[in-house]
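Per-chain residue numbering starts at 1, and chain names A, B, C, D and E are given in the order in which the chains are listed.
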Amino acid sequence: MRVGVFICHCGNNIAGTVDVKAVAEAIRKIPGVAYATTYMYTCSEPGQDEIKQAIKDHNLNRIVVAACSPRMHELTFRKTVEKAGLNRYYFEMANIREHISWIGEDKEANTKKAIDVVKMAVAKVMQDRPLYSSSFRINKRVLVIGGGVAGMQAALDCADGGLEVVLVEKSPSIGGMMSRLDKTFPTIDCSICILGPKMVDVAQHDKIKLYAYSEIDEIKGYVGNYQIKIRKKATYVDWTKCTGCGACMEKCPSRNAYDYFNFGVAPTKAINIPFPQAIPKKAKIDPNYCRHFTKGKCGVCAKICPTKAINYEMQDEIVTEEVGAIIVATGYSLLDLEKLPEYGGGRYPDVISGIQYERLLNASGPTAGHILRPSDHIEPKTIVFVSCAGSRDKSIGIPYCSNFCCMYIAKQAILTKDHIPDSQSYVFYMDIRSPGKGYDEFTRRAQEDYGVKYIRGRVSRIYPKGKKMVVKGVDTLLGSQVEIEADLVVLGTAVLSNPDAAHLAEKLHISYDTFGFYVESHPKLRPVETNTSGVFLAGACQGPKDIPASVGQGSAAASKVLALFSKDMLESDPAVAKVDINKCIGCLKCVRTCPFQAIKDKELRDGRIVADVIETVCAGCGVCTSTCPCGAIQLQHFTDNQLLAEVNALCLA
Amino acid sequence: MSGLENKEMKIVGFLCNWCSYGGADTAGVSRFKQPTDLRIIRVPCSGRVNPLFVVKALLNGADGVLVSGCHPRDCHYSDGNFYARRRLEMLKRLLPFLGIDHRRFHYTWVSASEGARWQQVVKDFTEVIHKLGPLNLTREA
Amino acid sequence: MSVDKLKDAVKQILNEVDIVIGYTEGFDKVHATPLFINTQDKVDQLIWDQRCVHNLASYLPSLKRKKVGVIVKGCDSRTIVQYIQEGLINRENVKIIGLPCSGVISLKKLLKAVDFANIDDITFEDNGNVNVKTEKETKTLSLMDIAPDKCKTCQYPTPLIYDILIGDPIKSDKPKESVYEDIIEFDKKSLEEKLAYWQKVFDRCIRCYACRNACPMCVCQDSCIAESREPHWISQRATLTEKFMFHLIHTVHLAGRCVECGECERACPMGIPVNTLKRKINLEMKELFDYVPGVNPDDKPPMYTFNVDELKIKEHKIG
Amino acid sequence: MANKRYAYYSGCSLEGTAVEYDKSVRLIFDALGVDYIEPEDWSCCGSTPAHTIDHVFAAALAARNLSIIEKMGLDTVAVPCPACLMAFKKAQYFMEKDETFKEKVNELLDEKYNCGVYAKSTLQVLYEDVGLDEITKRVTHVIPDMKVAPYYGCITNRPPKLAQFDDPENPISMDKILSAIGIEVCDFAFKVECCGAAFGVPKKDMVNRLSAKVISMAIEAGANCIAVACPLCQQNLDLRQEQINKTTGSNFNIPVLYFTQIMGLAYGYSPKELGLDKLIVSADNFVHSRLTKEQHELLKQEQEKGKKKEVKKQETQEEENP
Amino acid sequence: MTELGFLKKENLVEFLKELATKSVVYVPVADDDVVAFKLFQENSTICLDRPANIPPKTVIFPQYETLLTFTFSKKEEQPDKIDVKIQEKMDFKDTVIFAARPCDAKGFTVYDRVYKDSDIPDPYYVGRREKTVIIGFSCPNVSPGCFCTAVGSTPSDKEGSDILMTEVSGGFVLEPVTEKGKAVIQSKFIEDGSKYLEEAQKKQEDVKNKVKNPFKKAGKPQISQEKFNDDSFWELALSKCLSCGACTFLCPTCYCFNITDENKIWEAERLRSWDACMFPHFTLEASGHNPRPTKFHRFKNRVGHKFLYYPEKYNGVLACCGCGRCIRYCPVSVDISKVVDELSDTNSENKTLTSNGGEA
């Protein structure tokens, strides 16, 4: 055994609070350690060359690098030792940065701890065995979950790159949040005018298979080979027959259905096409409001439909698709107004959310683009915008910034002035966050050219006074209280993750943060990857994002998939469970506990039954290893002996 | 960190790679200061932690053992921590029967984003172990 | 119950199976020993009385590929139920002869009761009296005074699973709460007292593995990690640390599986209360998962399954 | 409900400026069969003066009372004054949550407090434990003209993590109780706005301004009476009403009653029993217009008839009603 | 050697205390009804009325011992060179085993032929053996399963003991067997014991007559090769065997061991620990092949070793002293005497047994 140990200074990150030289000296004394040194930046190219050179010069056959977290650079160094001719699993990392130098102030204690931790890594590396990957074929189809602008972009880029794409959208039309917007900042482009053609591209692309009004039921498999069960929810309209003529919607007698597309600004019909540019432009019945379902009679739509597309008996349908990678682009949701009781959210009809205001502004919205306040349909003259309505508010558990509210509030204030020239808008803000190309100029324009009055301070209460809403707040710049009697109040409500984000994450085996946003592999360097290989993120499901960022991520995720699929075969991770058939007693407890059904029973020639691991299915969790009473099934690279070596190095020494 | 002027205690931590090890990294990146007694062993999943590792450590000289995994439902391997929870709970309840203070063994859930939580866990657990003092189960040196 | 009925039944099923396991006379008057019957002429060696202490079901997994008849008491039948839960035997290959039982003797307690004298003869009366003749004296003892602890709190005097039941079913007259009274009582001691106790008793261990080999649920047998180097959990040192470790391996592996037949304890030549730790865990399994091993063939052993929401497991505070 | 016994902690205000609150609460409790007992040797709850100086000390003051109640074998204390309520709830919350804090507090006490007593506002006891049905059943009188703005004040149910009762921003319990006794309740936006509280001495102007706002919003909502649940609110709105009129040039004349006093009126108690004589802005008009249920029933029938003969009788009625 | 000594019962502890000043003294101690040889302490509950659960072989052939320790070191300038220092652990102390039953004492003579009087003596065994004085204790009664007289011994056999002690009214008669033994009874607590000789001899004779002979035929059991090699015999006779090590670990004549190395970072040790032919690992080969794959094979070896192979090598001496522990403590009451009896050659005459268990 000739172990080489490399202790990284990481500039001053480690060396500042750990005596790296002392660590190297202590480690050098360990029998079996043939070489131990320190280096300024081990991960740098010269640092890696140093390792390769040392392997050659000192005939090393095991390598330990003591540096940052293995979550950061384990892969880097595995490649390094492999290039030097060693098996990539003859390598261990000791984390002396995140777990030592950055969290302890006492240099002596840190150094002692670092020696222990490196010693444990040395003990483990001595137990390491060479492991070899096997390769398997990949299914070059990709699933995109979510048909908002990020998902559409990802789908189109993948499809243009020659991949078959399965696009699943849970609402009846693709388009997502962007399709609800009136205009986009900072260019005041018509949102649907730029999005519409993209939606049509998606619909017409021969490589894209669209499942609208569908959800993911189940995900099985692993990178390269996923089996997806998709639930096509019952629309009660046969979409193969529906032409989208809208006759049913016109004649439907049930007029009080909740309009999901318009965020309930006005009611819609029980059978409806969500908006004129919808893709697919097909009608769908809302059984909660449809008289046929609620009262058992009616049937007007069935009678009127020229293609006889109505089918009240329709059931959810499950279809299975097989893909090799998944892009998650499930977007975001918005804070419920009722969560803001001090603003009378949900109680006062004239306190509305930004997205509702967006629909009031929109020419194809319920008011046909006329700004009319909900309570009495009168045009408001004084409009107050409240930013950070919920955002950056620890007391309701949303400490983060919602990213784009500052910008859309400026946009809405500008548009308000365009719609109602004699109106006056006020904006309560905490800080104006406009760090984008042309963004800050845009907010200044709102103030300077459109006379929007910006008041720096928070709103404490909104209450009705006659027909007005009194907005009571503080102007922190003037240091005084302000009260504005408004006709309409628009709240820039906080951006939330989707309510079922956690649920989907569990199916995908990806992680999510406290707020339900999906966690990327690395916040800087791997922003669209997840820790589950084959699953990528795009758009606001990862965190609040505006349109250009979402589109950028959609393309980024697509490029990751295209890169992954540029090979025909993928290499399997050899750190999977392995059965010693001489030891296995065939009790098959491992088969019971494997979360992935990766273990089967196998009959040997002598009739003995033993466990057998399907390598490509095994994900390497090691539940089987801790289940097996006789230690016959061992998770490679984390075997009992490897972990015991670490325990012993620490406890017995 | 008042108790730490004394000698260091031997504390072993088994952390799952995806959540808690990441949480400890996050604590590091955020420079959340912690006592220095803990030595971390990285495992893929808390489900990999055989309760016997805890026993082995305690019998062989550890003063405390900490196991941390993903929060229930958030397991990278979907079910690993559910098994861990049952097995470790079993152990936790057995230890006092053997005459070992159950506080010497703690298992918990810390996600990759919970650096502050991790810091608190380490601080609190280290403090408890310092209060309990060294463990010598078998009267052997 | 006359032993003749039993013999008739064994003769019957011997036509269907390769072997029937029962009891016969041992090397002296107080010992019975397992009897493996493969021919009709051996049937007459069968005995059935309070000396029939062994859990014969333990032999079943090693005879998995044969058709086997087995005589079980109520307590032993739990072993079979647990085997079925864990898929360790093929039910269709086993013929179970059930014998309701109102208690057996504990050799250790019997010897103590006669001051370790050599016993020349022993007879059992229906009223629970046991007459013992030694060199020095003839003594009448009460069966329950010399019965193993498991009999004193027996909840399952009649086998839970059988193909043939010989004799009338017996209902348990022992209160349910009594089963773990000793465990609860022991747990009340201070940590120091408890540790000192286990140090004392484990120190006696000679690692002969009689407890393990007698245990019906120790299915690893030849592959036990107590003797393996790969994985190397434990050395061959006979130190207290290693003895402790061995017994905890046994305990952890039996978690939620121990059917409390007490064979481990009975087998131990050094008088170590090997079963106690397992029973402590069973008490917790009952509390946590409402699970009792070896009672319902459709149950799942709790360590090999889980609930997403564990109602009884609360997150622990540190300290 | 029937066999539950409450400790009743009136607090210092109800011994002095708000003695009528105490009177009316006791009357209502008696009327509704709430079994309560006043702890002996109770002391200051530890509110404002103490907790602005030292949290442990404040908690110890509260815990001293709670400990007495605990020793009496009771687990719930009914508290009319919101300041006392929050002092108790705060002590309870932090002592339960923080072992070291609990130890520190207990060090100051002769009798250790084991955190076994929960404080409930009188409002909560009536709303949750007694229930609206019982409250309605006991009604004997109707006050036909009363239109009330229910004013909860700032701390009756805030902060929510301590209060654990009703909606913090738009509470409804008092609304419901008042409706249950037949009173018309106005939709009042200032239910939980600040009245100025204890700043009445150091910052009189501010208190006047804030209280004026509350009163004017009540009037704007159509109220002719304000119902309160806090001694300090009552004082600021009632006692200072004249002062407010002087400093803000308003001309308010709106009676401010404890909600329990209004309940007392509906239950037929005399103004004296309810301490209405202590009001600065008189509520006599409501006392005078009060009718028994039977009278009211008769009147209603009369009116029904009257409506039928409306045209005929119009003139006569005008003459009779100058 | 006939200088009989006598130790008054009330002087027993004082005598042992005196011994303990010069040697390490092991006595049979009862704890929770389990009797085992432990270091003598003034408050030890010495138990003489029944044989210990485990014989005192632990004193000379301990359950495990460190044979060697390895210490690793390196020179600063040559980190890839490791120096290993090897040290034997051979510091043995003067020891007394007090009140070993004659069968237990005789067991050591079985060891001696293998470890002491062979071509390659085992220094660890010899070191301890030579420093140990064994005070035998003539059995005051018989125990379930014991059959010493059937294997050529008696409950008052002197072989293996340095002194034989017999309980008489009021005390113990001490009969020195070896020079080592003589030295031990040079004590102020030992009186002249000649007047108790008769009583002692009578007692010995009484007990001897009570020992049962499990064999159908008298004399040294003669095993039939034909039956011994019949696998079906073993399969049926041993179906109940659990293959545990209770019989071997409790046997005063079983001497098999295993050697393992245990490594730490800076040092390692080579251990010798008991092993048992009843364990599958005993013969497990590195290839995974096991020449004794089942418990039948293993038990056959056990019987063979004691009653065939050992006698073959050592002049017909049986490697069994008839203590009966393997029978008494077997969880399933496997009775080796019954197995041997069933194997016995019905056609040939049994040879008579000499007192050392060898053939006449």
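Just so we're on the same page, a residue touches a chain if its C-beta (ideal position, glycine included) is under 8 Å from a C-beta of that chain, and two chains touch if they have at least 3 such contacts.
All figures in this text were calculated on a predicted structure; none of them were measured in a lab.
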{"item": "Each chain counted as touching subunit B and subunit E at once", "value": "A, C"}
{"item": "Common touching chains of subunit B and subunit A", "value": "C"}
{"item": "Interchain contact steps from subunit A to subunit D (minimum; 1 if touching)", "value": "1"}
{"item": "Chain pair with the higher count of C-beta pairs in contact (C-E, A-E)", "value": "C-E"}
{"item": "Central chain (by mean CA position)", "value": "B"}
{"item": "Most widely separated chain from subunit D, with each centre as the mean of CA atoms", "value": "E"}
{"item": "Distance between the centres, which are taken as Cα means, of subunit E and subunit A, whole angstrom", "value": "72"}
{"item": "Gap in Å, rounded to a whole number, between the CA centres of subunit E and subunit C", "value": "31"}
{"item": "Euclidean distance of C-alpha centroids - subunit A vs subunit C, Å", "value": "54"}
{"item": "Interchain centroid distance [CA atoms averaged], subunit B/subunit C, Å", "value": "36"}
{"item": "Contacts with two or more other chains, residues of subunit E listed in rising order", "value": "none"}
{"item": "Shared-contact residues (touching 2 or more other chains) in subunit C", "value": "221-222, 233, 239, 303"}
{"item": "Subunit A residues counted as touching two or more neighbouring chains", "value": "593, 627, 640, 644, 648, 652"}
{"item": "All touching chain pairs, where touch follows the definition stated at the start", "value": "A-B, A-C, A-D, A-E, B-C, C-E"}
{"item": "Sites on subunit C touched by subunit A in the complex", "value": "65, 86-88, 219-225, 228, 230-233, 253, 303-305"}
{"item": "Residue ranges of subunit A touching subunit E (in the complex, touch as defined)", "value": "2, 28-36, 58, 119, 123, 582, 648-649, 652-653"}
{"item": "Subunit B-touching residues of subunit C, taken from the complex the two chains share", "value": "183, 186-187, 191-199, 233, 239-241, 244-245, 248-249, 251-252, 255-256, 277, 280-281, 284-285, 288-289, 302-303, 306-308, 310, 313, 315-316, 318-319"}
{"item": "Residues of subunit C that touch subunit E when the two form their complex", "value": "19, 26-28, 30-36, 38, 54, 59, 108, 112, 116-119, 135, 200-201, 204, 206-210, 212-214, 221-222, 227, 229, 235-239, 263, 266-267, 269-271"}
{"item": "Complex interface listing, subunit A residues touching subunit C", "value": "580, 583-585, 587-589, 592-593, 607, 627, 629-632, 634, 639-641, 644"}
